[in-house]
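As written, the chain order gives the labels A, B, C and D, with residue 1 at the start of each chain.
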Amino acid sequence: MSAWLRTPVGMASAATLALLLLLPAILPELMPQNQARFWLANIFGRAIIYGIIAMSLIFLATYGGLVSLAQMSLAGVAGYVVAITIDGAAPSIVGGLSYATAIPLGIAAATLAALFVGLVSVRTRDIYLLMITLALAMGFFRFVETNLAWFNGYEGIRNVLGPSVFGLPFRDPHVLYYVSLTVAVLLYAGVLYLVRSPFGLVLQGIRDNPRRVAALGYNVALHRIAAFGVAGFIAGCGGVLATIYNIGISPGSIGLGATVNVLIMSVIGGLGHPIGAFIGSLIFAFFDTFAASIYDRNRFNTLIGIVFLVIVLLSPDGVIGLAKRVGALMRRD
Amino acid sequence: MTSQLALTIILNGLTLAALYFIVASGFSLIFGLMRTVNMAHGSLYMVGAYVGYALWEPLYDADAWYAWYAGVAMGMAAAAIVGVAMQRVLLGWMQGQELRQALVTIGLSIIIADQILAYYGGNPRQFFAPDAIFGSSNVPGVGRYPTFRLFQIGVAVVVGIGLWLLLNRTKVGLMIRAGVDDRDMLSACGVDVPKINIIVFALGAALAGLGGVIGATAQPLAQGVDGRFLLISLVVVIVGGMGSITGTAIGAILVGLAEQIGQALFPTYSVILTFVIMVVVLALRPQGIMGRLR
Amino acid sequence: MSLRLSRRSALKGAGALALTAAATGAIKAPAIAQNTPIRLGSVTTLEGPFATGGQDAYRTMEMLLQAENFTIGGRRIEWTRESSNAQADVALARARKLIEQDNVDIIVGPLSGAEGIALKDYSATLTGKTIVNGSSGASDTTLRNPSRNFFRFNTDGTQWMAGLGNYVRRTLNVSEVTVVAGDYAFPYAQVFGFSLEYCRAGGKVNYLWSPLGTTDFASQIAQIPRTSGALVVVHGGTDGLAFMTQYAQAGGNLPIIGGSIMADQTMLSARGPHRRLMVGMVASGPMADVIDDPNWTDFVARYKRMPNAFPSPSIHAVNYATNLTGVIRALKEVNGDLSNNQAAFQRALAAQKFKAPTGADVSLDHNRQAISDIFLTKIEERGGTPMTVAFERARQVNQTLGTPEPAFLALGAPSRNNTGCIAAS
Amino acid sequence: MTQTPAIELKNVGRRFGALQAVRDVTFDVAMGERRAVLGPNGAGKTTLFNTICGDFPPTAGTIKLFGEDISHLPAHTRARRGIGRTYQQSLLFDGLSVLDNIFVAVRGVKLNRFSFLVPGRSDAHLAHARDVAERVRLTHLLDVNVGDLSHGQRRQLEVGMALAAEPKLLMLDEPAAGLSPVERPELLRLLQNLPRDLTIVLIEHDMDVALPFADLVTVMKDGEVVVSDTPGRIQNDPVVHEIYLGHGGRKH
């Protein structure tokens, strides 16, 4: 550990973490009080929360070669389970549960749903997987949008206020920020650990050469389904946070736009390392919030589409890849 | 349910399937030869419909009998031009990088949708079919039935036969089929593969444009149809088997029937019927009903 | 001072910070009240199928603010426009940005139902800020768990149907109708309002629901019972156009009764076979193209002078205008004073009584929900163009359609299984 | 000599759509035998390999491994029964290091192969992986990404990964493919030093590699077995000369 901290990557990681921990104290120095709170919760907090969901996509893509567009839906499964079971949601569909019960239930549901997605798509790869996961995601979206008994249809379920953390309300920007940051750091570290485990190595083996993995005695399907489960767990954590952040969930939270947004975040950040998820979602949150000031609000989608296209054309591995290449160029000089 | 109602619903499913087939066959054709998953296929549908409408509207106002046919031609041409431009400028040089191509087309679809909104606004619009195919006809066992919907089936059959003839009876078709099996072999034999690619992309895009005008005559054209028809194309080819025209037809019929029957029997859950079919097919035959293992 | 305070408290804990910020804000506000601009934010939908309505809403907002020369009580009005995509999460993100980053005092918006409920919930977490509805019409935004920071000067989807059920049963003398409607909250509210009156008057209703996003209604059309004397079409926009076109193509001939967003300009200006059935269609709602009222004539005349205006303002334009009128009037009454957590301003808002652009009298109930007039309309060809003409007005319709609130709430939320069709016993 | 053969093929066939890639192949390989399979390009050698290893199960006939019918077992189960293999074109994990490649190969047939726990420094499998690396002379490259290896090093690793799981039957698909004349004898030496009790089936184009190595040679053409015999007699068989050498030796 201490040796790792002396490597450039280790030092950069430690510095970034320190910066993120101190962010609530730094922001008020840079901008008025109310804006500092806004940035904390709605730029950085939001970026971290959606970054978690994007990380579940990047985990599958980077280490499994599986680009899944179902991750936002899986996050939505967790969010909906919490919204359906929690006490005080409006409308109350099942209700009666505390957050301490509802949240693990939601994450478990997302994990199970992810295992199902893995099972359905286990024999497909690459572009087929992209198509099938997109179709599954849209199937779930359409179901949620039209089903009233369980999901309250188009209007969704509101008033999911979130638990109190150490006696402080979740709605407070600092609580929201620190809880999201803690969850994100734990999951991020978990991913980095997992990819060095036999499971992670085999997963990367499957990415490079599934036939070889099978010839070595591994059950490829089992590992792939398990990878989906892990990604579903991550997406579920993100989905619970996103639902609480949005004070509820509705079909729009998991629609085509939301699904593509997660892909955009991942690709902008870079499908090469989990950190790309957070970089991408931060860039996205920034653009999404300030597009009206930067550019014509009405043409926000053209802007984000062009940014996305340029990144895919110039640097298929996103901002991280771009940074690496610029770094390599500078070293050469 | 009366037998008349049942027949009507089945006929509805088939006419809807005809539209789905026209749109999805273009998607399937492009995928079959090039392995390019064109996530902007729905956008091409939309381009065809809106541009076709722009030509159709003044002609219709001027009472030109050919207004609708001109709209069809214009829609197909516009979609083909956009499709060829996509292939030449962006997709051609990254041939083989399937995922990157899919991402590029996703980016394009976002931009195209927004630009169409900017040019044409958010109002829904709808074509008026020419008199010859408007109104309703008498169908035995069903009664009066919209003529245009029957016409849709006719167009789909013509498209299906046309594609079959093209693929099985022409030199270009021979090359396309050879390319499906082995692209390297094709280029080793001295065939101009990029040119074949452009031809196929133009054809696939033109079919999306044709679907756009026909679809916008049967149902209103509005923002959001791009995502809808992309999704339908995806599901149809996943169910039917990627790259197979027969499979696309079977997939379209299954999806069209499922949609209409589901809506009639259990409206609340009808939307998932399509996806249940997809999951079942994937579980039993991951390559789709007519797809080949590779 | 406030900077240092907040920095220390940020390190100490979050709860303290919130209090500090609120306190410093409250102390500072009066001193600067007259020099700083009034910050007005707005949220509407400028992308997707609702984009036209959203643009029209901003057109009329701009018109009303121009009329005030962007100044009230000596304070400039600084207007920040945002757009959502008709999704709750996005509307919420925009509202947060407006309130927290741009520091707006008042938001006018949003456009659609799910967004409205999301912003109502959000407004409940705010202090010293006000959200006034734009055009969203879900009942629950104000009926259940209302927020004291959320005001709505437009009537909701259920209110809009007032008078229509009685008219169809008693005046048109139709004893059985078939309702075709989308299977989601807004149509539920409308169908509820219609059925409540129509069934009480002894009518029989068949319901055909279509899932959200349905574009092919052919099978549904085939299922319309032959005993129906009229068709009540509770669709709007693209769905309405799709349904009517396909109904016309299938040779349908029943008299059409419309929901409140059936007969808007997009529908009437679209070409197609549906037009033959639309003429003569009776509907009800908060507005019509032609209303015999000087207020409306004046409003439409001013509207038509705006760039790119439609021949007649859309329902969204009218709703946004009605809500903004309430805001402007209240601001004038308090002379632009938003101090003391907007206490005086919110009191003034709640007490507003004015004439909407349509000429309807508007006041608010105890949930800050509009009590206003509803028009019965009929589509007539005038000068070759079809338009909706108001021919009757139900005055002062409240949110519970005259039923006592507890009894109304006891009926439960409208849904496909709770259509409000309860025969008079 | 009634000992169970290591591998027993009976009327094995494999069809891809209209293409009959392998037809009616029947032969046994005894325990500890070293067998070479020769034949021109497109003779069905690799397809036969793939049907034995389970990549594409046979569409006809039966395959027995140490007496057990494995015709319909998936590839990973066959590996656990003791089949190790190499590929004509190295199928390695380019994104992983040499050590991780071998480590994954070592664990594939172990009971705790599915594990979420990162191995400790003294992990037995990791130690075994280092031994294997030593055997294929890659110790100095343990932490190098496999994507950065030279072609010869990749071939060495290819063999190392097949050996890592200590298979009872080793299937080698042209292990010397693409090697330089300098690298070739070194790989041959590596193969000849493998334990004698290990059954080996070798596909090879190069007679100079195959004949000195094999106990018996099977020649295939057009998906069918033409002849099986000792290297000496194969070398002088006119039919083999006609169909095999007549093609002018190897071509790729």
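Rule of thumb we're sticking to: a residue touches a chain if its C-beta (ideal position, glycine included) is under 8 Å from a C-beta of that chain, and two chains touch if they have at least 3 such contacts.
None of the values given here were measured: they were computed from a predicted structure.
K.L.:
Using only alpha carbons, which chain's centroid is the nearest to the whole structure's centroid?
P.N.:
It is chain A that sits nearest the middle.
K.L.:
Specify the chain most distant from subunit D by Cα centroid.
P.N.:
C
K.L.:
By number of C-beta pairs in contact, which two chains lead?
P.N.:
A-C
K.L.:
If you average the CA atoms of subunit A and of subunit C, how far apart do the two points sit, in angstrom?
P.N.:
Taking the average C-alpha coordinate of subunit A and of subunit C, the gap between them is 35 Å.
K.L.:
Suppose each chain is reduced to the average of its Cα coordinates; what separation in Å results between subunit A and subunit D?
P.N.:
Result: the chain centres lie 43 Å from each other.
K.L.:
Return the distance between the CA-based centres of subunit B and subunit D, expressed in whole Å.
P.N.:
Centre separation, subunit B to subunit D: 47 Å.
K.L.:
Show the residues in subunit B shared as contacts by 2 or more other chains, in ascending order.
P.N.:
Counting only residues that touch two or more other chains, subunit B contributes 114, 268, 271.
K.L.:
For subunit C, which residues are shared contacts with two or more other chains?
P.N.:
47, 183, 211, 213, 416
K.L.:
Can you pull out the residues of subunit A that are in contact with at least two other chains?
P.N.:
142, 145-146, 148, 298, 300-301
K.L.:
Please list each pair of chains that are touching.
P.N.:
A-B, A-C, A-D, B-C
K.L.:
Quick check: in the complex, which residue numbers of subunit C touch subunit B?
P.N.:
Touching subunit B from subunit C are residues 47-53, 55, 183, 209-211, 213-216, 218-220, 222-223, 237-238, 241-242, 245-246, 249-251, 266, 269-273, 416.
K.L.:
Of all residues in subunit B, which touch subunit C in the complex?
P.N.:
Contacts found on subunit B: 5, 8-9, 12, 15-16, 60, 114, 117, 121-126, 128, 134-136, 144-146, 148-149, 218-220, 222-224, 228, 259-261, 263-264, 267-268, 270-271.
K.L.:
Taking the complex as given, what residues does subunit A use to touch subunit D?
P.N.:
It comes out as residues 193-194, 196-199, 201-202, 204-205, 207-209, 211-220, 222-223, 226.
K.L.:
Spell out the residues on subunit A that touch subunit C in their complex, using ranges where they run on.
P.N.:
Of all residues in subunit A, those touching subunit C are 24-25, 28-29, 32-39, 41-42, 46, 90-91, 142, 145-146, 148, 153-156, 158-159, 168-169, 171-175, 246-248, 250, 252-253, 255, 257-258, 288-289, 292, 297-298, 300-301.
K.L.:
In their complex, what parts of subunit C are in touch with subunit A?
P.N.:
2-3, 6-7, 10-11, 13-15, 17-18, 21, 24-25, 46-47, 80-83, 85-90, 92-93, 96-97, 100-101, 103, 113-114, 117-118, 121-122, 125, 138, 140, 144-145, 183-185, 211-213, 413, 415-416
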